[in-house]
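Below you will find the structure I want to go over with you.
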């Protein structure tokens, strides 16, 4: 498996997938830049009038609910339905689901009309998405958390999608197989949009392979590895969050199969 | 007073306030990142459908009128009214008020329906907000400007809020006390959003203390000090505005009570 | 001609034009920062209610269709009509025109109601804008492409505007004269918004001179030169796209007539 995923690092650069995003206004620039950094091409058109036309040109669609409004929601549904019809993979990031009833209802409505192929969120978002009480207590950095691995697997079966539950360990499940990835650094939580960027990376890989399980592992691990390498690049110097943000994108732009294979840290689930 | 404000540097990190922003699309990423850098957690939901629900989870609300539209205005009013009901502090940044009648009317309408606890703007914006002719002539970098100190105090009384009039010297008044802070560097005006970020910082401190006068002083002085330290960090090298922008956020992420106390520069008013 | 254009580097800093942008949400922050970096002042108000009032205060208007919606389109038309009435130059960036019928129709409608003074796009966008089949094959980095030079000239005549066709060589034409500029670096395509920023730079120069042909040459060449200098500044170190992005803005902020004259590379057309 590691060989095939490693090979995706070059595959995404040679295929140069067009990745259509309908995303939030906070991290939209970072999502576009991380797409370019890993080898894809971003298009961020989010008007409901053209979302369905634009997605026809794309190899993957990323739906990010960070700053959801009625009008972007309409664009999300139209683009995703068109993507479903054309078997273009839809990657969903249900940002903040669980926080307000507006988000909960919109996420529910989305899942009733659209089939995402990959869903990435933290434990609380994924729990809310499948109508469970979030059980984020007991999350222990660096150790496998049985509850979260099971959450990923349960959500994957329910949603008939590959599910990523992000955290100190990331759990990726397609319902049958569940993988834990332990890359990253706590400072990633001090820069806005590292979750959104991880989802964008997943979208890029999903645009370059039909194996969405591998695409999800590739995307989430690249963000974690880039975070580690960016942090390490400061050596003994203090790590400011502004500079870390920039070096994080640098490290994504430097990523290749050799670095990935050397740095990726699978954990037994 | 200096001791109490210095202590806020650690207090905001330990309390980790959730700071809800309804803000502009230009500097929204910077506002989120500066919130993380000082120790808060940002949420930037700006849809009118959920703004009032989202603010219930927050410890402070930042309203920034930079790219005001009818629909974000509705979100601003709903969120602010809910914040007022729950005694969650509302921090207003009336960006560009005075420039168009649309902005003037919206700002007026806002103040008629909502009570902000803190307002930050430049002399022209604060003057316009209270219906005065802006008198920005005679502003002299590095010297106390009596007119501006009085403007802050007058606006504070009228608005029943803590008011910050930003400039080479920042004046902070609660109507009784007026403080001048002389930190910062002219290059701060060459990066977009340094005013917005200052307002976000104030929002973070207001989410960590009930003393909004101190919160305003803390927020505005942190931006000025971070600007000085960022500039100084270049030593003899030329200071490009792109790199300065990044180091500015670095310096906010490094801020602590010791640095603050060493660097803050109060001036007699 | 080189002398006059070189002089614009200082002229834009001394005139400090207010450049009103109605632009996309992806690169809006970069457009504002690059405006400050070259010596202008950005205002990014995009609400249809105030766009026409805001533009009255400006020396140039930049219209960028990157994330076009019905509501921003209304703002674009209102602001541009007011700009036309007041002889404030309108600089159009028809991002993505050719990709969807929504964009094609909106661009057509825009050109039927408004006269832009300068239009910048890649070969595909400019072709679509004038209703031609895009002929982007045969584009050869580093060599003059007769087809593209003629495209610029033909578009300029049809649109009665200065037209910039961007690519490895940029072609600028007013219909009579056509100039080729060969500055830049391929890594510029790995950062989102370098096209948008070039358009913003053109807007800044158009706000500082009545010679829009020179303004267009100045803006597009500054972006190319800044790209080269930013790349060169890494020396032997690997060039990450995050850091390159920041240094690009640094180099714009360092630009002056001496650097420009030394680095600009005109090619015979």
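For reference, chains read A, B and C in written order, and residue numbers begin at 1 within each chain.
The rule we apply is simple: contacts are C-beta pairs under 8 Å (C-beta built on N, C-alpha and C of every residue); 3 or more make two chains touch, one makes a residue touch a chain.
A quick note: this is a predicted structure, and the numbers were derived from the prediction, not measured.
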### Summary
The C-alpha superposition of chain A onto chain C, two copies of one sequence, needs a rotation in degrees (nearest 5) of 120
### Task
Compare the two sides of the chain A and chain B interface and say whether they are made mostly of the same residue numbers, over half shared, or of different ones.
different
#### Entry: Rounded Å distance between chain A and chain B, as computed from the means of their C-alpha atoms
33
### Summary
Shared-interface residues of chain A (touching two or more other chains) are 25, 29, 245-246
### Task
Sort out for me which residues of chain B touch chain C in the complex.
24-27, 29-30, 66-70, 96, 99-103, 189-193, 238, 240-243, 245-246
### Message
Taking the touch rule as given, give the residues of chain B at its contact with chain A in the complex, in rising order.
### Response
25, 28-29, 32-33, 36-37, 42-47, 49-50, 53-54, 57, 71, 245-251, 253-254
